[in-house]
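In the two complexes that follow, chain A is the common piece, with chain B as its partner first and chain C second.
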Partner chain A sequence: MTASNSQSAAADSVEAMSSVLRVADLSVTFKSEDGPVYAVSDVNFALNTGETLALLGESGCGKSVTLKSLMRLHPPHKTTLSGQIEITGDDVVAMSQRRLSALRGKRVAMIFQEPMLAFDPVFTIGQQITETVRRHTGCARARARARALEMLEMVRIPSAASRLDAYPHEMSGGMRQRAMIALALSCQPDLLLADEPTTALDATVQIQVLKLLRELQTELGMSMIIVTHDVGVAIEVADRVAVMYAGRIIEEGPVNEVLSTPQHPYTQGLLAATVHPGMDRAARLTAIPGAPPRLTRRLEACAFAPRCYKAGPECRQSIPRPSAVAPAEPGADSSQLRMVSCYRPGLKEDPRAHESNQ
Partner chain B sequence: MLSFVFRRLLYVIPIALAVAAVCFSLVHLAPGDPLTAVIPPDAPQEVVAAITRAYGMDRPLVVQFGSWLGRAVQGDLGVSVATGRPVLIDIQRALGNTLLLASAAAVLGFGIGILLGVVAAVHIGGPIDRVATAIAITGVSIPHYWLGLLLVVVFSVYLDWLPSMGAASGGSANWGWNWDSLRYLVLPAVTMSFIPMGIVTRTVRAAVAEILHSEFVMALRAKGMGSARIALHVGKNAAPTIMAVMGLQFGYLLGGSILVETVFSWPGTGYLLNTAIFQRDIPLLQGVILVLAMFFVGLNLLVDLLQSFADPRIRRG
Partner chain C sequence: MDQSLGPQGLQSRVEEYAEQARDIARSRGYWATVLHRLLRDPVSMACALVLLTLILLAVLAPWLTPYNPSQGSMLNRLAGIGTPGHWLGTDGQGRDMLTRLMYGGRYSLVMGIMPVLIAFFIGTAMGVTAGFVGGWANSLIMRTTDVFFAFPAVLLAIAISGALGAGFVNAMVSLTLVFIPPIARVAEGVTTAVRHLDFVEAARASGAGALTIIRVHILGNVLGPVFIYATSLVSVCMILAAGLSFLGLGVRPPAAEWGLMLNTLRQSLYVQPWVSVLPGAMIFLTSLCFNLLSDGLRSAMDIKR
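Entry: the complex of A and B
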């Protein structure tokens, strides 16, 4: 529909016009039996129409919590959410429950990591897509069922008509995830949130599903946020990447630039520790020493300092603020913006040279 | 689906046969001669032999079982040793009374249990949950007969609101859908509803709480479903577990609590079983046990079929 219009608007570099999502100073704290858990802190990012952002980071760094809070899916009595979330101009944080549930599934849809768990086991795939369509369009049962069939065909599920009446356990993992994508896209959302959509799948199926996602996204002109711990997935589908550590975004920018010239020591460590396309073949995989901090205390220092090879005294005194990294090409627009939160950013030096400097 | 129903029906045949065999042999395994109740201790040898032959007890057990079963299938459960009446007549009357009492107790116990269980699950960990759980534990742990007596003392003796004994003023045959009959039902039904109430509360609470925390409920919210629609999904998922427990509980209620029926002189199967045991009335005992066991088998079948309607995964097995 209007996707191509707004995409060209984005090309005209008018940021406000084409912004689908704006997140400012988002913090999410959970109440737990062992006290508060500071799962997400001061997260900022924005997303333009048609753009794909990857949230990248090790398990437990707050990616899923960030994603779910965009729809306010966390149980309200156990969660403190602060900051701003704006989806196509509407304030999600202040939104009434009624408007929120009208937004969910319609303007913003979500794909989950394990489709076997995300589908209700005792309803058919067709029923589960149909109820979503009827909820948001109010159309008749037969019309909604026709739409469900259309969606199953769109995600290329073979003999789609008979799959409408299948139960989730009667499908393979790959087909289930395709059906989940069909469900999520059935009401033509502006924004698709995908939480590790291929992690539970076999390697070959993973690639097919990623390709399908990217294709549909271009076709429908949607924006997408994909959560992943896999650098390869980020490279495959994302335009931009935001690297998370201990509940904060520590580096952000165009995926090629961030992954080819990582500025933050954590991003560098992550790349050195994982196999990914475009890596230096001669390099050996090296794990980052130590473990991520527990989020039960509010940190007053750089969370990465205990594991960082170039941590200095300032790193242990206060949290580094995000600052712009000079763009690779002069005159680049907002989608080319690069940020890093580190007191000593810069390309990785030879650790031995660094040691001798001190 | 149809083939599942058919297969499930076929399974009932061997189960029913086994149950019948157990009923039959239980009585023969019991100590003492089953005929001592009818034969005077000083009867001459010939008389004993004649009576033994008349009851067919001189034949091999397998033959006895075969002919007993053959007659039972046609509705002939033999003649009571104590009264000389066909056993079936007494069983029918007692079963009718027990069905009435069990149904009333089930409606009360299951209704309150489901309500408390759902409320507790929704507020799990909070004060409402703790109150509901306390009620459930109390329901399960209060002794039946003690509760029955307490209710009689309070509502019959002290307040004189409700009768303490029997099924209706003119005997159970005069039972009807009017207050005069219903008021006899109140105290025993309330007494018997406590255990199923407690057990159903705990079952529903656990099942619903687990489902509410499952990922698909979050996925339902993520696609904009309202609470009514989510309740439908949760209900259909919890149904098989809850139905299994309710089926079992209804089975126990049908068995009739000997203690409760004795406390309230309720002329049901528990009461009848009690009579049969004390009078060593073997045909009556066998008949009551057989009919109750068959009800149990039938109830299980019903639960299985209902479960398979709710959960497609059960149909595969």
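Entry: the complex of A and C
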């Protein structure tokens, strides 16, 4: 382990486990006309087989950027990628374009947010699945078509045989997203990346698609990373959750623990700003004051400090390192690991308390 | 009256058939569907019929007419329409107009279609390259084509033809050069639009390489619009070709070509006005048919409607 990433306590524990995915000190910087944009900085996480991680955060916090960089989908001439990404032991960062193409869609597959836009309008659903299957298995067209039909039945598209020759615009939104899942799973990937897979769908369809994803994941034994800004989605599908803010993971751990006892003030703020069952209908949601920082400068201090109700002088001087939160029970395995990057972690006493202070 | 044909029964029957029709439409391939829709469009079909007739007349001319297109008879100069033996009259040198119009279609149709077809391939290749590669390649290709846009198409065709010298092949070359820039621009525009859509990224995420993306996803989405645009250029090309011949920069006399015929008959406009406008009428009819067919194709290919 090099000196540069020794700062991260997460990386140490990450190395010990046998995982599908291992991300260490990942930073993604985009070149823009106004100089560099530090979209993702020093991100560490790992994923075991069959595990689901939710990347949670508001728009522009770097969660989608993180997800896409796992497949190196960003345009290479505009992007600087540093750190380590290992998928089933292979280094993605150093991988040749040729091997990268073989990896994409085969071992790692992706589901996009807007299924209407993610399908090519001039080809039928069947053609597009068949194309992917043939790309990775090299099997005959008839065999690939049979596989496409099998996949459409697997995602429970009604009268799948006739849908095989349907164009994307002939299907409803929910059905298209199912077809998208069928496409992504057609080559039995080890890792499924889902970029806000239910954001474009209406509420009733959302829950169906999430349940389907969860079932298929258990059935096929794959790992999954789901990017979402919806706490409800994270609760529904994820085992673990990583909360991102300004390009960094600020809190990570088992989904129930993080969401029931949030340690980072940002996570607390995020949850307070979310509608949840049993809340008083008349009560107003608590907003976090201020706005996220622009990422055109490299941050020197805690990114959340300017908006934080309990920020102190140390928060404005250096970036807090991730540190382990006391494990819920002794001897818990690494997937139970809980991290928070905050100088003053701890439960929030009363949401009203700091409002009256101001 | 049958009970099932009451308002309720009728409605359900209509829905049932609509459902069946949709199933049939879906079981067809894309191009079969386009053809099917084109066949049901009366205007397109009429135009296709006219064009087919013109092509057949041009191809079969030697077997359909007893006259030689360049052999006139001084005794029968400028006969009117309806003259026995020369149903469309004769020109200033006594050559049968019907024969010359049929033979003229050979040059005029080829000069209308071939330059556009060649420009379609070259222009699409340039436009897709510019749009997909972007950056300096885009600047190089598109700024080069911009130079051509500085001149009106007619002037450009005349200038290039003039520089190359008169002749059938040179006229075709100059027309091809005139049509490459607009086709390249359309192809570049569509490619740029398509390149940034999610499905291209989705294809990359499924492991498709750059060549697969160009071949399957870019061309699949670009060829349609560019092809429709190119068919609409055929009429322009025919008129330009006729114009070049009219100016003496295209086909040379005594060959029969509609534009050239229009030029030679210009002198007889006051003697036999109806005979003199015949080549012009042919140019008008052919380009109109190509335009309407292009419109029909556009709506037939827009499968979402």
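Just so it is clear, the second predicted complex is superposed on the first by the 322 of 358 C-alpha atoms of A that agree within 3 Å, B and C clash if a C-alpha of one lies under 4 Å from a C-alpha of the other, contacts with A are read in each partner's own complex, and residues count from 1 in each chain.
We adopt the following convention: a residue touches a chain if its C-beta (ideal position, glycine included) is under 8 Å from a C-beta of that chain, and two chains touch if they have at least 3 such contacts.
No experiment lies behind these values; they were computed from the predicted model shown.
**Q** In the superposition on chain A, see if there is space for chain B and chain C together, and answer fit or clash.
**A** clash
**Q** Could you look at A:Phe119 and tell me whether it touches chain B, chain C, both or neither (first, second, both, neither)?
**A** Both: A:Phe119 reaches chain B and chain C.
**Q** Who does A:Ile319 touch here: chain B (first), chain C (second), both, or neither?
**A** neither
**Q** Should A:Ser162 be classified as contacting the first partner (chain B), the second (chain C), both, or neither?
**A** After superposing on A, A:Ser162 lies in contact with chain C but is clear of chain B.
**Q** Have a look at where A:Leu220 lands relative to chain B and chain C in the superposition and call it first, second, both or neither.
**A** neither
**Q** When the two structures are overlaid on chain A, which partner does A:Leu212 contact: first (chain B), second (chain C), both, or neither?
**A** It touches nothing on chain B or chain C.
**Q** I'd like to check the shared interface: which positions of chain A are touched by both chain B and chain C across the two complexes?
**A** Touching chain B and chain C on chain A: residues 71, 73, 101-106, 109-110, 112, 114, 117-123, 131-132, 135-136, 167, 169, 183-184.
**Q** Spell out the residues on chain A that touch chain C in their complex, using ranges where they run on.
**A** So the residues of chain A in touch with chain C come to 71, 73, 97, 101-106, 109-110, 112, 114, 117-123, 131-132, 135-136, 162, 165-167, 169-170, 183-184.
**Q** Which part of chain C faces chain A closely enough to touch in the complex?
**A** 23, 26-27, 30, 197-199, 201-209, 212, 216-217, 220-221, 224, 303-304
**Q** Quick check on the complex: what are the chain A residues that touch chain B?
**A** By the definition above, chain A touches chain B via 68, 71, 73, 101-106, 109-110, 112, 114, 117-123, 131-132, 135-136, 167, 169, 183-184.
**Q** For the complex, which residues does chain B have touching chain A?
**A** Against chain A, the touching part of chain B is residues 214-216, 218-226, 229, 233, 236-237, 310-313.
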